[in-house]
């Protein structure tokens, strides 16, 4: 049984069709990477998966339940599927630890005291133990992005979505964020990444999908897709980015 | 080589670059020009105005030291009423303004009536002169037959001020709410926060902070408009000055009242500008 | 042609005679008015009953309108030589040149006001009256100082009612003050104040015409008061016309003309109880 399965998912913004009938299967503990040029629909596809964007047509099965049904309450879904954004989107008026605790406190009704040990553990695990009381503007981009990851993890999601989370970072800060993903991968988290880090995708992904103009043109294990792409467009894209 | 190394520090004071020295010179020159022109203008005012044929009369009616000394303590005491009215109106205005702003932000169709109410409310109360609202509510509602003390002009005058100013504050807060980037709402939603929690913990705290300077300006205006309550009875500073004016047939008490107002509003205005500049710098 | 000549001649003769009888003041005003051969008089905007009837001082109807024409005639001006302008209280006392020769709208003469403007001799001594509503009277309010002290008071802020309240009535609660008598009435209707202090003629008019249940509870007669409220014609400080105006008023008082005008327009004032 797939953890998350997309069937013919279609998403439009007005007349602009961004996803054209996408099928995608993500198994428990799998790491799937979406690659493709800007505007190919990677980000929108991710945002559809946790219902940040309502789907126009198609089915999304989360543990075999169709969450794309119009009128389905998105809030419980979002608690189970976390997402981290390219631009961090931390709450600038809260310290790092307040950013992380807000959702568990309000959604799970847990007290600060009860949360503190596990939140501290998360901060420590990602090398942020001494940054808990800092405000976002006192942190480097890499640190902010790691806090954003911790914030999503604090909700104990079953799936994590990462939307080009290293694209806004200075090159020397990319490594520390990718290390976090590596740690999560080792811990067995189910993950979907939209990414431009081809080396990282090749090293760690179970499956790589090449999106082009709103469709998955080609998918397969990274070794096959990167070394021996079947489609001409995949080949030319890879030639440009590698 | 060695020569330039020795001469370099001597030519320029340590720590200052050539650019800094140049800019300091420019700054000193513009300061001198500004000071000179200010002094010239002031001198012209001081010398020329008393030469006007009616100056003696104006001085006697508006700048009469005797009248000033006699009336100033009474004006100060009356000003306490202005301060009190301001003090209990301001929090109410903020709360009602917030409520109206939230009404106008209501997005679900079921709440459309609330949204419509918010729009009508701000349109009406921003479109009607404050003094009319004060008369209408200050005399009209008690005229319906309310028993004492519930017909007090203090209560209904305050209500009129609160209703009017809440409309302005609501608009300012709404602009603040709309200025918070959509990505903040998205981040909150992605964590499973409800709409109301998103508003309360994520959007509002940022929005309110962002519009503090604009609201400061509104509250400075409120401090002046408190005087309008005098139309329905309370003897605050403006009315007290009017009484003195009638008794003494002299306008100096109004000048005294103006000075008292300025003593409060100028620092407040400066502070609001300071906050505004600080924010502009932080955002750039 | 001939008849009209005779009429003009005879009226001129009457004028000359009356002026001659009164004093040598017939040409006292010559060259002292704003406009040659014209007397410019100011009153309030609007002017109220019973001081000016129907806001039309030209009709000579109403106490102040009648006084104005009497003074003008006595100073040697015909009715047609009188021009009316309007002014507020503030305009009347503001520094600088005035656009009137004199201004009458129940200006009380006070020492402080005399420093800024000139007043004529008084043309009327006003009693201050207490106006209230029937429910307040039913509630036990009486025309005694002790009873009045306990009421909630209001007054027109730029009248001498304000110092009188403070000095004579000394109410327990601070009075509320308003910009004009219409607002005082409105506050009384809204039950925000129990009573107000006004000059007697205004109080009688207000109680009878502007209110459904208005009552004039009592009056403070001018002769009983240490500081009687006296109305004077207001003039620019140092106006040379003052001696002519004063002379005219003195004659009008002496020969009973003023009393007759007062009896004609302010007759109802009798019968209001005097406050002990």
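The letters A, B and C name the chains in turn, as written, and every chain counts its residues from 1.
Please note the rule applied: contacts are C-beta pairs under 8 Å (C-beta built on N, C-alpha and C of every residue); 3 or more make two chains touch, one makes a residue touch a chain.
This structure is a prediction, so every number in the text was calculated from the model and none was measured.
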Which chain's C-alpha centroid is most distant from that of chain B? A
Looking at every pair of chains, which has the largest contact count? B-C
Determine the chain that sits nearest the middle of the structure, using the mean of its CA atoms as its centre. B
Based only on mean CA positions, could you tell me how far chain B sits from chain C in angstrom? 43
Per the centroid of Cα atoms for each chain, what is the distance between chain A and chain C, given in Å? 87
With centres defined as the mean C-alpha position, give me the chain A-chain B separation in Å. 46
Residues of chain B that touch chain A when the two form their complex: 183-184, 186-194, 197, 201-202, 205-206, 209
Touching residues of chain B toward chain C in the complex: what are they? 54, 57-58, 60-62, 139-140, 142-143, 145-146, 148, 151-153, 230-235, 239, 242-243, 245-251
Taking the touch rule as given, give the residues of chain C at its contact with chain B in the complex, in rising order. 89-90, 93-97, 110, 112-113, 115-117, 154, 157-160, 162-163, 174-179, 183, 186-187, 189-193, 237
Can you list the chain A residues touching chain B in their complex? 50, 52, 74-76, 78-79, 82-83, 85, 87, 89-93, 102-103, 106-107, 151-152, 155
